[in-house]
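We just call them A, B, C, D and E in the order they show up, numbering each chain from 1.
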Amino acid sequence: MGQLNLNTVQKFYGTFEVLKGIELEVKNGEFVVFVGPSGCGKSTLLRMIAGLDETSSGDILIDGKRVNDLPPVKRGIAMVFQSYALYPHMTVFENIAFPLRVEKMPEEKLKAKVEHAARILHLDQRLQQKPGMLSGGQRQRVAIGRAIVREPKIFLFDEPLSNLDAALRADMRIELAKLHRQLQATMIYVTHDQVEAMTMADRIVVLNAGEIAQTGAPLELYHKPANIFVAGFIGNPKMNFLAVTCKGVVDAGVEVDYKGQTVVVPVRPHAGLVGRTLTLGVRPEHILLGAGDLSLTVTPTVIERLGAHTVAYAAIGGGEGENYCAMLPGTVAIRPEEQVLTGIRAADCHLFDEAGIALERRVELTDIDMGLLDPAAA
Amino acid sequence: MGQLNLNTVQKFYGTFEVLKGIELEVKNGEFVVFVGPSGCGKSTLLRMIAGLDETSSGDILIDGKRVNDLPPVKRGIAMVFQSYALYPHMTVFENIAFPLRVEKMPEEKLKAKVEHAARILHLDQRLQQKPGMLSGGQRQRVAIGRAIVREPKIFLFDEPLSNLDAALRADMRIELAKLHRQLQATMIYVTHDQVEAMTMADRIVVLNAGEIAQTGAPLELYHKPANIFVAGFIGNPKMNFLAVTCKGVVDAGVEVDYKGQTVVVPVRPHAGLVGRTLTLGVRPEHILLGAGDLSLTVTPTVIERLGAHTVAYAAIGGGEGENYCAMLPGTVAIRPEEQVLTGIRAADCHLFDEAGIALERRVELTDIDMGLLDPAAA
Amino acid sequence: ADQEISFIACGDKMQPAHADFIKKWEEANPGYKIASEVVGWAQCQDKVTTLAAAGTPVALAYVGSRTLKEFADNELIVPITFSDAEKAAYYPYIMDTVTTSGKQWGIPVAFSTKALYWNKELFKQAGLDPEKPPTTWAEELEYAKTIKEKTGIPGFGVVAKTFDNTMHQFLHWVYTNDGSVIDGDGKITLDSKQNLEALTALKDIVPYAEEGPTSYEQNEVRAIFLDGKLGMIQASVGAVNRLKETKIDWGVAALPLGPSAKGPGTLLITDSLAVFSGTGVEEKAIEFAKFLTDPENQPIYEAQEGLTPLRPGKAVDDMVAANPYWKPFIDGISNGGPEPLFLDYKGLQNTMIEMVQAVVTGKAEPADALKKAAADLEQFK
Amino acid sequence: MSVQRSTVIFAWILLLPAVLYVTVIVAYPLVDTFILSFTDASLKKTTNWVGWANYDKIFNGTFAEVIVRTFVWTFFSVSIKMIVGVFGATMLNAAVPGRALFRVLTMPPWIVPMAIGIFMWGWMYNGQFGMISGMLQNWGIVDGPVAFLARGSTAFWATIITDVWIGVPLVTLYMLAAMQAIPQDLYEAAWTDGAGRFYRFRRITLPLLIPSMITMSMLSLIATFNSFDIIWILTQGGPNGETTTMIIDTYRTAIGSKKYGEGAARAVLICIFLSIFCLAYFRVTSRLAQGDSR
Amino acid sequence: MSQPAMINRYRWYELIAIYAGIFVFLAFILSPFVEGFLVSLKPLGLLFSSPYKFWPENGSFDAYRTMWVSVPGFARYIFNSFFISTIVTAVVLVLVVPSAYAFARFKFRGSGPLLAAFLAVNMFSGAVLLIPLFRLMRTLGVLNTYFAMIVPGVAFLIPSAIWLLRTYMMRIPRELDEAAFVDGASHFYTLRRVILPIAMPGITVVAITTFIGSYAQQFIFALTFNSKTEYMPLPIGLYAYFGRQEVIWNELMAASFVGIAPAVILIFLMQRYLVAGLTAGAVKQ
């Protein structure tokens, strides 16, 4: 069992409110990822759940029991630190065995457990080495091994992959996902890497300045961001934003005007939108070459060719620097400083009001397998 | 002017040969990126060019002059360190001004120069702060500023972005590319991040264990890797490799057999290939859903949904772990543990002989703007 | 410029008397200047030696007479001639303390003798006659035992710390039993019947001495006595002034005598002014030193410092008349013995201390300790 | 090549002042001492070459006993210093109110002139008037006065304790610094795994302090081996020579008895012993460094 | 509001244990000072009295007044100690900073043995070298001047200062030197403009330890190489309370407390830098 509830959890450092009344429920066996910009309070929240930092107000419940005043070990959690926090003077075996030694587990049982964990993590060959002799990925696995052997109800990870290089990170991502399937334990994972968040989470919690900006399944956040912050934060390269004016509300959605072009965005309208300035968002990967429902002629300043994609950056009216980005598949024949026509499909657009709140999209469901959007139905 | 030649440059540490006779010519104004796995000698080579490490044998020529015995400043190079190496006790202004102070430049001229550099790098507002108060990206720019003011012939960068998070890295990438255009200086850039290499380089030098594996424009490396090492190293996720048998040589290319399916790969054949075991390579992004020239039914074990793409990993015959990876566009309705049919187009395939040397591909030129392949023609 | 005569005095500051004399002498001897330096007791000797060893001796220095032989043997100091009249003016044996191989090597400047102090109050408490101090070792031992047993307070102060006066205190026993350490011909006479008796007596009295004698030197033992926690001690006249500040009812008498004694005895310790060679002002230094210690000036200094007088005379008689407690200190002189002169006096000192400590702590029997020490002494002559 | 050479030259330029200084002021007297050890130098104006005689004499005398005693004394002093220092550092490292003040209060033994500190201990050890004996009597633990410096057995330990006292502030300070260099997350990880305070100390703090402890104990060993003032002021090597260490014996020979030649030979021996120690130390640490390369 | 991290939250019995531990430790450190202080309060006549009483009867601060009279030059001695230590510290820093940098940064033949040789200096105690040193001082013509105490003092404080500072400097990233080198800065310019400012915390610690080392411990050199009262440092001043026959214990102790007060105040003011500097450059881990 590893069910977690946070009830209006607050955290103050002095008078500075780092966390502003977090409400969250994590189901048993769920893989929840906390994302958010640097300094938004991810680590603080994780450390509070772990019991390393104190909770200023609000309750933390694990399996329905209030644990605010319990030390970490009594909460049934295990934590994997960003720095791994391996004991440099102990062998891999002793590092993994540490929690069991603390419990004074009989030698034989301990050995079996450690070896079992090592096998899962492909560390069997390394048990007698010291952490200093391991590669980053191996160290990471030792840190996980130390968490596994305790068989905790909840695993906490604080940016565990941030020290690794890209290739290793991709490998570790896959291994962690498999581990989760294998152990069926609740996992809470902090990262600022979106790829990690998108690929591993059952549910993503987006934090912004100490508040939850949105909670939802990865693709829900991708396709239906609740506000402009989440829309900009999820997705790489970042979503493009254009200032548009609301012309009117029609059956199919909201009709907006961008520099004389009119387009109907299929979103659920509010009352009293007409005439107001809205923000239209579109992801770089949804920009097409050639005309679309909305067409923009831009002069790319920087073109990045990644082989599989070509990413073009351009500056369009207002704002400094490149604020328009298109990610086109394969190798495309565009050149810097040469005008090119790009198009946007109305169905790919997001619309946000002045407060940054999204108007709910009527997503073309043919595009998404709804079963995937709702993990419970899977 | 900033033209660089390396003539059979070797480096020994003790008896260990770190660099094995490197031959390279860098043209004036070129942006050359060194990539390669960790420990292959990238930093060593860069430090030898800079004059920080001694050259064991061979000549380093800058603008035709042998500089082996000159100190860095006399070589007309500037270097940006991975750790930035900012002086923590000096303000941003003083950090940037440091090389000029060394030259004893008159205060007024110095001030003008530093301010000019700061403006280019958008650091005008930060000149009086200390490095400790800056964000990673700003620090990076200060380090570049320090290099710019000297107006060197050649810039050397050693993994300058590796300490930054993904978003900042993308921004800095663009800024560096613009800077290169602006200054028209020769730049040599070490990284192990492929996206950086692909997007910024005029030419990429792939190093492997102290030797140059291939030199070429980014897309040339992507489309026509000279050997299996480069093929696997360039591109993310990594290229898939399948063991095939050569059936025969036909006009259109080489006919190979993979588990009973026959496909003709459009490559220039060698003599005496028939009957030998070759390696067929195909990039994940070229794998299609449904049948192709070569069809594989696989059971994905891990599926990563990134919103813009769906990446599926599967294990196919031989080898441990997932050795087959497909990157499919958008959100695709596939599920783990459910069989799916994937196809490969013959034109997307690469073929390598037993020694790992590529058979030259007859690339479908309609796919690639050849002008882009050859920067000189652009 | 003036010729400088460097002068190292020991103590914390220049004695007012000496400061006066220096001024007077400088006035009488224009062209000469006394450059005096005062060095603390603990380091005085070492500093003088270091300077001499390094080849920059001082002209004149205040040293313990026991070091003279060593200095003389190494030709670091010059001999000093005394006229017979000058010699005769001193108490007997005083010249002996500065004489080796027939020459005098220093000018005596300070003199001390020892006597027995006893605590009348403790004697009373122990049922002893408070006005009757012991006169023999046997009595001394018996009284000490009685005091210890009756009052629980140690009866006698034994000095046995690793410190120079441990040897001095043992020599009290030696010289009150007609013993000696070395004879005039340089023969070691330590291993004798008299000295065995002395060492045995010391050993016998230890059980009635303060706890842990090996951790107390002379002044510390005196402090215990001043605190009323000791029945008897052997000490110099300096204790008198301190006793006057306490409420203790005390008496002082000549040191008790051993079985082989031929008469009263005490240890004679002198300090001398030594003149170092190689300074170019040796003559003047001698002149100055004699001036400091001449019969006119010396008593003024002695009075200020509370020292035993070097020379008999009317002044001394007057002093004894005025302060009867002086009597045992003066009387002892006639049968006293000098600190033995050895080439390596530190070696002598260490050997003697080791011997005393071995006996006091019960590590060795007196006879064995004596034999071993006598053998060891041979190398230090 | 030339770049390389210029750095080497620069390095030597930087070193030159200190090297010259130490050479002139210390190395010269050292060499002098070494030469002296083969002569019969004394107060005499002339000295003669005596070859190995001085060394012969040392080993034929009671010196072997002194050597053993010196080792034992040094061993206990250094060990206790390290134990007390680590203990003190641990206490001062605890996040409790007042620790800044407590840290300052650790320093005085280091600041006070050594001789004065020793005199204060002399008072403490005094049987009749001292604090320890006095308190023990007041509390009725002992009957009569106890003179700690009167017997070899107690004096030996008393001098060690005083040496420990003088050395502890610096050890504590270094150990405190070393402790603070241990990353906090190691403790948090262990705590999360349920390790209690003592367990954390035993399994994490102590092992990670070992390299610092080795360095510190070597520096402390050199100082302790040469510790002179303490024994000299408290016991002068007595009683019965039971606190005589090599340096005391050397001083007694060279400065006391003015046998400069024999004294120099003893000083050279001390240096040789210490060098062997330090060599062994470098071996051990380099092996340790290889062991867990970080 | 800011509370210690949870891990440092102590239960009541842990707090008691910690404070008890600190008490025991400080009791050991400070009890001689308590004894010394009590001695300084007692009138000389009552110093030696038993049975032992912890609180002095008739205790008074008289000794703190009379000590100035008994040794009139005492203030001067304190000043001298301060003066000598300041110069010694300055000279040590001037010599040690470049050497520590050289040892920390440059690998050249002989650097290891040379470093060891510096350590070896501490293997000979000053006392043994006294006579050769005396001859040397005389040759240099510095006897009976402040230099007589400064010159040897510096020499014996150099080794540990080098060791300490070297370990500190090894923690400064090498890239900083290299960056300056690439920019054309000479080695010396780099040292002055880059390394020195960054190493300041470490230098502060070395300065403090050197100062203390010199302030309190320069006895033997002062005694042997200097005869001029006006140049004598504090320890000699303290020895002056050893009277001709008697030690004026209460004044000696009072003077000791007065004498070390300046250094204690210094430590108190600097303690933050001391621990911080040591932490950053702790003895090689």
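Throughout what follows, a residue touches a chain if its C-beta (ideal position, glycine included) is under 8 Å from a C-beta of that chain, and two chains touch if they have at least 3 such contacts.
Chain by chain, the UniProt names read as follows: A, B = sn-glycerol-3-phosphate ABC transporter ATP-binding protein UgpC; D = Sugar ABC transporter permease; E = Carbohydrate ABC transporter permease.
Computed from a predicted structure; not experimentally measured.
K.L.:
Minimal path length between chain A and chain D through chains that touch?
P.N.:
The fewest touching-chain steps linking chain A to chain D number 1.
K.L.:
Quick one: point me to the chain whose Cα centre is farthest from that of chain A.
P.N.:
C
K.L.:
Write down the pair of chains with the top C-beta contact pair count.
P.N.:
D-E
K.L.:
What whole-number Å value describes the gap between the mean CA coordinates of chain C and chain D?
P.N.:
38
K.L.:
Using the average of all C-alpha atoms in each chain as its centre, how far is it in Å between chain A and chain B?
P.N.:
One centre to the other, that is 27 Å.
K.L.:
Taking each chain's centre as its mean C-alpha position, how far apart are chain B and chain E in Å?
P.N.:
56
K.L.:
Just the number, please: Cα centre separation of chain A and chain C in whole Å.
P.N.:
Computed from C-alpha means, the inter-chain centre distance equals 93 Å.
K.L.:
Among the residues of chain C, pick out those that touch two or more other chains and give their numbers.
P.N.:
Residues 50, 53, 223-224, 227, 229 of chain C touch two or more partner chains.
K.L.:
Quick one: which residues in chain D touch 2 or more of the other chains?
P.N.:
Residues 128-129, 145, 188, 191, 208, 255, 260 of chain D each touch two or more of the other chains.
K.L.:
Of all residues in chain B, which are in touch with two or more distinct other chains?
P.N.:
Where chain B meets two or more other chains at a single residue, that happens at 51, 71.
K.L.:
Mind listing the chain D positions that touch chain C in their complex?
P.N.:
Checking each residue of chain D against chain C gives 42-45, 125-129, 144-152, 155, 235-241, 252, 255-260.
K.L.:
Report the residues of chain B in contact with chain A in the complex, numbered from low to high.
P.N.:
38, 165-167, 170, 173-174, 177-178, 192-195, 198-199, 218-219, 222-223, 234-238, 283, 285, 301-302, 304-308, 311, 313, 322, 327, 329-331, 333, 335, 367-369, 372, 378
K.L.:
List the residues on chain E that touch chain C in their complex, please.
P.N.:
45, 47-50, 70-71, 130-131, 134-135, 138, 143, 223-224, 227, 229, 239-246
K.L.:
Provide the residue numbers of chain B that touch chain E in the complex, in ascending order.
P.N.:
Interface residues on the chain B side: 50-52, 71-73, 77-79, 81-83, 85, 87-89, 98-99, 101-103, 146, 150.
K.L.:
Show me the residue ranges of chain C that touch chain E in the complex, using the header's touch definition.
P.N.:
Within the complex, chain C contacts chain E at residues 10-13, 15, 37-43, 47, 50-51, 53-56, 219, 223-224, 226-227, 229, 238, 245-246, 305.
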